[in-house]
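Look at the two complexes coming up: subunit A is in both, with subunit B in one and subunit C in the other.
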Partner chain A sequence: MFRRDFLYDFMPDGTMDKTLEREIKLARNIQMKLLNGKKPELEKSEVSGISIPARLIGGDYYDFYPLSNGKLRIIIGDVMGKGIPAAMLMILTRGAFRSAAESTHGPGDTLTAMNKAIYQDLRVLGSFVTLLCADWDPEKKTLTYASAGHYLPIIARGSQNLLELPKVKGVMLGGLPNTEYMESTVTLNDEDLVFFYTDGIIEAQNAGGEMYRIDRLNEVLLRNNTLDINEIENAINDSISKFTNNAPQKDDITMVLLKVNKGSTNITSYNSPML
Partner chain B sequence: MLTLSITDDKNNVKVNLNGDLDIEGTEIVNEELLPKLINFSKVNVSLKEVPFVDSTGMGLLINLVKTLQEKGIVITISDVNKDVLEIFDLLQLPEILGTDVIVS
Partner chain C sequence: MEPLINVVKKIDGDRCTLALDGVLDYSSMDPFIEEIRSLEKWINNVIVDFSGLQFIDSTGIGAIINLVHEANTNDFEVELVGINEEVQMLFDTIGVFKIMESLKKGGN
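Right after this comes the complex of A and B.
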C-alpha cells in the first residue's frame, strides 16, 4: 500500500479543522467500504480490484455485478476531478451502474443506460466520467467489452504475449446525450490475465516528475502474470510504489484483475443482489 | 505549474498555455483565463508548451470550450502534441467539442 501525503488545507496552527477532518474520514470510510465490498468468488477463476486515492478520498471506481445468466459484469472508471467532488460523482456513477446492470443485456447497453441516467447531472456539474464495462462469460470464456473514453484492458498471455484488443470507441459519460456504445468480444485462454486500469497507474510520477508509463506496466504484467491474482496485484503495487518512492501522487490508482484458470469457471458467490 | 500568456488583436485572442494541464490549473483556467476571453469573438488556445493533460485537465479544457461556444465565441485548440492528441482521440473530443475545434 502506498503512503500518500494529503493535500487538504490546514488551520493557521497547522491542524486540520476537526469537524472537517472527521467528516472527510467518515466519507472516506463510506467510499472504501463501497469500493472494497466482497469480491465474487469464482471456481477456476479469480477477480480482484483495488483503488488507492491520491487524496483522502478519490474519484476512481470499480465494481462487479454477477448476472443471473452466469456472467460477471465488471466496470472500472475515472471521474474527472479530484477529492470530495469527484467522490460524490463516483457514488452517482455507482448507483447508475448498479441500476443499469440489472436491466441491460450487455456492457454497451449498460453504458448507454448510464449515460442517459446521469448525462444531465454531469452537464450541470461540468464533469465527465470515463468507463470501461465488460461481461466475463465463464462458460464460453469470452470477454465482451465497451468503452466510454476509457483505456481498454490489457490481456497478458504467458511471459511473452500482450494482446491488443480490437478497438471500440465511445464518448465518455456526460460528453454527448443519447450516444450508443459499441461492443467487441474476445475469447480468452486458460491462464490469461485481463488487466483493467485507470490512468493514475501509467501517469504515476516519481519525485523527478517522470511517469511510470505503459511500458513499465507491461513489463510487470509479463513477468508476473503466471502468479496467483493477489501476488500479481502485489507485484504491480510494489513496482509502482518502488518507482514513485512515496512521492505524492496527483491521481487515484485503480486496477481490476481477472485471471482465467484452468478448467471450467462458475460464479459461486456474489457481492450484489441476486436477480 | 501552469502559466499562460495572452496576445489579442481587436476581436481575436491567442492564448499560450505553458506546463502540465491538471488539477493545479483549475483556478488559472476557470478564474483567470475564462473571464478574459468572453469579450472576444474568436479565441485560439495553443497547447504547444503543454506536454501533459490529465483527466482533470481534459475536463477544464472541455468546460472552457463549451462555455465559450455557448456564448457564441469561436474557439480553436492548436499545436497539440502527439501524446495529448492520443488522449483526445481516446476521449473522442472532436465528437464532443465539434470537429473544427482541434486544428493542426
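Right after this comes the complex of A and C.
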C-alpha cells in the first residue's frame, strides 16, 4: 500500500494524473452501476430515483429493497464530505443497508442495525451519514419511516396540499452508539406523491450564490404532482437546472419519488452523472 | 482571494471562544480544525460562536461533532452559541444537540 503511494509520487510528469483519472472513472462506473441496480416491481404505485454527483463521484445514496412481505424498503442518504472519500463511505453504507434490510423488521430496526454495524468505522474516520429509511406497503397504502438525522420526505396531495409528516427524530449514523430509531406511519391516498431528497437540492446554487431553497421545491412539486412520475422528476430536474444555469454545484443532488397510482405499476430509475 | 472563514480565538482563563465568521464547509474548514488541534491543555470550556456564520455544510457539521466527541474523551465542555434559527433546525434534524446531551449524560 505504502509502496504504491510512493510509486505514484515518482511517475514522470502527467502519468500520475492520467492513472488517477482512469481510476476515478472506474470508481464512478462502479458507483453508477450500483446505484442503477435491478429495480423492484410494485402494485399500484411507481418509484423513481436519481442522483447527480457534484463531482465525478459522490456521497449521496438511494436504494430500493423489495421485502418478502410485498413491501418495498426505500432508503436515501447523504454521506458527510465530498468526492472520493464520501463515495467510499457511500459503498460502506450501501453494504450495511443491504445486509440490515434482509434481517430487520422495519425501517427503524434497519437504521439501528446499520448504525451498530458501521458506527465504529465512522467514528474512527470522523464521519457520519444521514439517512431516511421507509417501508412502502402498496396493499395497505401505508408508509412507515424512520430518520437518522435526515430530512423527512414531502408529501404532495393534489395541487394545493403539502402534508407535514409526524416528526421522528433520530441521530445520524456515526453520531452515537446503541441508538434506537423511532418509526411513524402515514396512510397515503391515490395520486399522492412522496418526495425524498438530499440537501443538495435545496442548497443548489446559482452563479450569484443564491440557493434553490425548499420554497421553490414545494412550488414545483405542487405544480407538477398530477403528472406521470417521470414527468415530475424531469420537471424538478429542469427547475433546478434552470435555476443553477450550469453553475458548478458544491453538493450532490439526489431524489427518490414514490407515486401512488390507481392503476398499474411501473418502476423507473436512472442516474445521471454531471460531467 | 479572501478566506471563506475567519476564526477568531479568545482565551479567558480556562475558557476559549472560537468565533466563526464566514462559511464553514468542505473547502474552508482547515482554519477551524487547526484551532481545535492547537487548543491549550488547560482549556476546560470551548465556546463556538456561530453569530458570524453564513453557511455550514455536512463537513462543517462533522467538525463540530468531532469536537463534541473529543471534548467527551478529553474531559472538557463545549458550548454552541449564537446559532440562528436555520442552523438550529439543521443541528436539531441531524442530531447534534442529542449527541451533546447524550454524551453529557455519559452515553459515550
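Here is the rule we use: the second predicted complex is superposed on the first by the 245 of 275 C-alpha atoms of A that agree within 3 Å, B and C clash if a C-alpha of one lies under 4 Å from a C-alpha of the other, contacts with A are read in each partner's own complex, and residues count from 1 in each chain.
Here is the rule we use: a residue touches a chain if its C-beta (ideal position, glycine included) is under 8 Å from a C-beta of that chain, and two chains touch if they have at least 3 such contacts.
Predicted model only: the values in this text are computed from it and were never measured.
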Combined model on subunit A: subunit C and subunit B, fit or clash: clash
Partner chain(s) touched by A:177 [first = subunit B, second = subunit C, both, neither]: second
Which superposed partner A:128 touches (first subunit B, second subunit C, both, neither): both
Subunit B versus subunit C as contact partner of A:65, first or second or both or neither: neither
Touched partner set for A:197, first subunit B, second subunit C, both or neither: neither
Interface residues of subunit A shared between complexes with subunit B and subunit C: 78, 80-82, 126-128, 130, 149-151, 169-172, 175-176, 199, 203, 250-251
Touch list for subunit C against partner subunit A, complex: 25-27, 57-59, 61-62, 65-66, 69, 92-95, 98-99, 102-103, 107-108
Residues on subunit A engaged by subunit B in the complex (per definition of touch): 78, 80-82, 126-128, 130, 149-151, 169-172, 175-176, 199, 203, 211, 250-251
Residue ranges of subunit B touching subunit A (in the complex, touch as defined): 22-24, 52, 54-56, 58-59, 62-63, 90-92, 95-96
Subunit C partner contacts - residues on subunit A that touch it in the complex: 78-82, 123, 126-128, 130, 147-151, 169-172, 175-177, 199, 203, 250-251
